[in-house]
């Protein structure tokens, strides 16, 4: 077994170790903490590159999948087995997670410069990176679930990093509870899956739960077993990846520091749901209904979140809804059978969304934590580097031709179109939703860029904004580079011979057939995007960018805008139904406990004890006390006679002891002779 | 060698007698230190070097200092004027100790094993002592360490200040 | 060469001096001093037996070592007691500490 | 065929030449040139003189021979160390003067070099004042005891190769045993003066010395544990490494010869320097604890509260004058040298060092360096408070020295040296980090310095 597979555990272990050590640091140890965490991450990144290189080298003409399994502990005949797997999927995720994490760690040095809890922040970040990397390489249901919960925990900690803000505290709780709802389903699904397959390992030399032997068992069972397990697991993915109806936590999670939003709530952790579906793809393929559900949920989320994003004012919230929408795209891609397309979108999205978030972080940092885009404006001259990189990110997100987003989105649309063509009828919904979503994405990104960078500065803070430090710009540039060029990895066949070869496809799934690219879809999506950008450009300029001016859309369709701005009142709906119901139940239980249980048990038992004690007192006073007094006085009379021996002088005792020893000695002599 | 022994014997006996008979407590303590040093010398003369060094460290370095401290803290250096430093019935004490000595001397006199002179004087290296403590005498060693810990805690608790509101306390 | 009897006699004399101190002095600290002296005398015995009587396995020395440790503990606790008593009775005379009531 | 044979013979010849040359170099051992004999002569000069004199006593009465041997041991110590003491007092005053931006003694002799002589004459001729209500006997006894203790401590220090007054197999223990006598002496001095300042000083000294004795001894214990012997000579010898240079078979050219020479220099350096215990994590921490505790044991600044002039005049020697005071003064410096010597012996390789200096030269050089640091510390650090002093000893030094013992044990049991080095270093470093947080807490703030 190659070295890198056996030592794959080092990749998550290093950040964990760094987190552990950093946790012991005092607040003043800022520089050592940053060095330690970034250093550990850099090593993890190098190891991830090694892993990637190993997969690349071994992967010619076939896919490599190597697992390193071991027994954690055994009880009786069964054992809990854990393991790590190195395959193209985990190698790709390792690269993305460690690369983006590394850059964002570096960015954080600049961004969190003035925060007094700098070391705590890095400790949490490192904890997150470790658990995410562990999640990616897990080859066991149990390990996957542990890492899954750990990323949830670190996300919770980081959202509430500024827990003195009530909104942050609320957001952290919301995120935790909402994802927990999904995780319950996930957990039940895991247990069910374990029961059916009898192994916790995914890949175990033919005996793993995701390998054909065991999947064949499940498929042979028939009924809804496979579908149920898949959908239960998908619940977890929905929670983590913010799919409708569990998307509500993700926009609120933007209360955390911006690097956290970029790392966890845009690039990596929220993609864990997509990754999960990708990892479980063989299971989902057993029953087509499961994948179809994924596709519809994804398609709906993609469109739904994109509409909300059009009417938001907070720079980070726009990006958050955009993230939800893009995650929907990935789910859509996976659901319509585009395994590679969905994951490729995950890959490119990680770069440009991290770039956008970091760019917004740079802007927010420069504008003294102002997040309302109505109060920004005209930043393109004051922050040129940020502007350029931000535009690159926005174009990539919108899907304009040479940028990364174009290729991945196009591939998803292509797969959706094939899906529609194959099934017909309602199956064309994903494709249509995807196309409309693409339009809306390009539109709201144009709106945001115009609001932020063009026009005049609309607040005092913005007027004095200055370009950020190189700690922050460096990662922006690196991510910008990736946003431009990462897409070429998925350059479709036959368009340009020399780049040729859909590299990414061959890497991830060489044995899977790729659909031939369709020029019509490329042209169509490009046209849609360009029209959207043009519309956005036209609508948001001139008077619309003046200080105090409302959104032109609001003026035109106030009712619609209000619905969108209030996110379709989903939160309010939840508050009126689920939350209200929970409260009512709690109140009822409280009443029962307090007034009914107390009355019966507490007062009843207290009365019984009181009566018993009265009886006891009677016996005590009459019978026992008198007898004791009599005995004591007898003793006292006897003791008077013994007092002369014990006069209390210690030397007196000692002398008696010495004399006794001599007497005993003499006695022994007399008797012994 | 006899010469060294007699010097040490005279030294320890004299200092010991002074330590228990002198009126001034501080002089008693000084004599006691001399006594301890003499005992260490006896250990050295018996080729128990390690024990001699331990004797100096523990008795001179620790116990003597403790006694000095106790004398200082009780501030009763010479006793009350005109009151004997010996307690009532001290004569009985002298008599008892003399009787004990007579008994002991009688028993060791003419004992056949007392006249043995070893061919080679034994010696015990320090690492051998350590090995014995960790193997054969491991349990007593642990018990002693427990005892010392208990004594430490006990001494601290005993010497702690009593609550201030009790009568008869120094202000 | 001094013989075992010499050392034992010396130890007996020192023991009795210590005993006399413990039996006759009024001051509790000197009583403790006497006890320490007795322990030392006993240690001489142990080491002397180790030195003169084969086999020299080290038992005598180690026993003496334990005795020293115990003496240390005893001195610490004893002197702490003396100080506590002094604080209570304003006296360290053993004759004043005859009653249990304080 | 013949050619091969010829080559073979030629090769044998070359090998022989190189072997001879290598032997010659190996004999030198000192990489800086100079004859090995010369070095040996200087290094063992005093040892040989002593041996010569002892050879003369063969056939004498054994008591007389023993007396000569004793004198040979005692007299050099009584000559050398008081001389160094005199020079040290001068150097300390000079150095403190430089630190405090003044000249220091500069009147008697060149650069004030004879100042100690003048001081000596002055103290000898001064009146010996004894307070009226003092305990005369104890008052006289105390300074004598301290001086005896200080000189006794010197007897177990190996001051050079084969140069040690008494090679006891319990050397380190003996040192501590003797050191504990001086505590009693100081206490007696403080008590017998019948002066509240003296008494306070004595009490403070005892409390401080008892507290710091524990980390002091425990830190020294690590070296004893690793070497497995209480003998100071063995401890010093254990700090020489046994690296051996493999002599090359054939010298092919100047470059190789140079490389070989450099390698020899490096091996020589490694053998005599890198083996010092201070270059190992437990040794480093042990030495640090040892040195800090030594400062406290010696009642030197910043732990000089027993003699704090601004509070209790001069502590236990407030009521001493004239010759008795000089005795105290001398005892203080002699025990300073002794403790530095023990630190050098235990951690700094004793007399080990590259052979550019004789072994005794290295020993005394290291002692001087340590004493210089002590003087430097005195010139720069302010005095600590009593509670700080006690807290430091019990909360930081004691746990640190216990952990250090643990680390030394781990060092002994981990088979791989680099791994042991890394593990113990990380362990001790993080332990120090955590402990220092617990001791200092959040109270440490960055100090603001304002310069005039």
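Each chain carries a letter (A, B, C and D) given by its place in the written order, and its residues are counted from 1.
The rule we apply is simple: contacts are C-beta pairs under 8 Å (C-beta built on N, C-alpha and C of every residue); 3 or more make two chains touch, one makes a residue touch a chain.
Quick caveat, the model's predicted, so the values are computed rather than measured.
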Q: List every chain that touches both chain A and chain C.
A: B
Q. Quick check: more C-beta contact pairs in A-B or B-D?
A. B-D
**Q.** Rounded Å distance between chain A and chain B, as computed from the means of their C-alpha atoms
**A.** 70
(Q) On a C-alpha centroid basis, what's the spacing between chain B and chain D, in Å? (A) 33
Q) Roughly how many whole angstrom separate the Cα centroids of chain A and chain D? A) 59
Q.
For chain C versus chain D, what separation do you get between their C-alpha means, in angstrom?
A. 37
Q: For chain B, write out the residues touching at least two other chains, lowest number first.
A: 50, 54, 62, 69, 87, 92-93, 96-97, 100
(Q) Counting only residues that touch at least two other chains, what does the list for chain D look like? (A) none
Q: Pull out every residue in chain A that's touching 2 or more other chains.
A: 649, 651, 654-655, 658
Q: Could you list each pair of chains that touch one another?
A: A-B, A-C, A-D, B-C, B-D
Q) Which positions of chain A touch chain D when the two form their complex? A) 21, 24-26
Q. Which bits of chain B are touching chain D when the two form their complex?
A. 24, 26-27, 30, 33, 40, 49-50, 52-54, 56-57, 60-62, 64-65, 68-69, 72, 125-127
**Q.** Residue ranges of chain C in contact with chain A within the complex
**A.** 19, 22-24, 31, 94-95, 97-100
**Q.** chain A - residues contacting chain C, complex
**A.** 647-651, 654-655, 658
(Q) Looking at the complex, which residues from chain A come into contact with chain B? (A) 649, 651-652, 654-655, 658-659, 661-662, 665-666
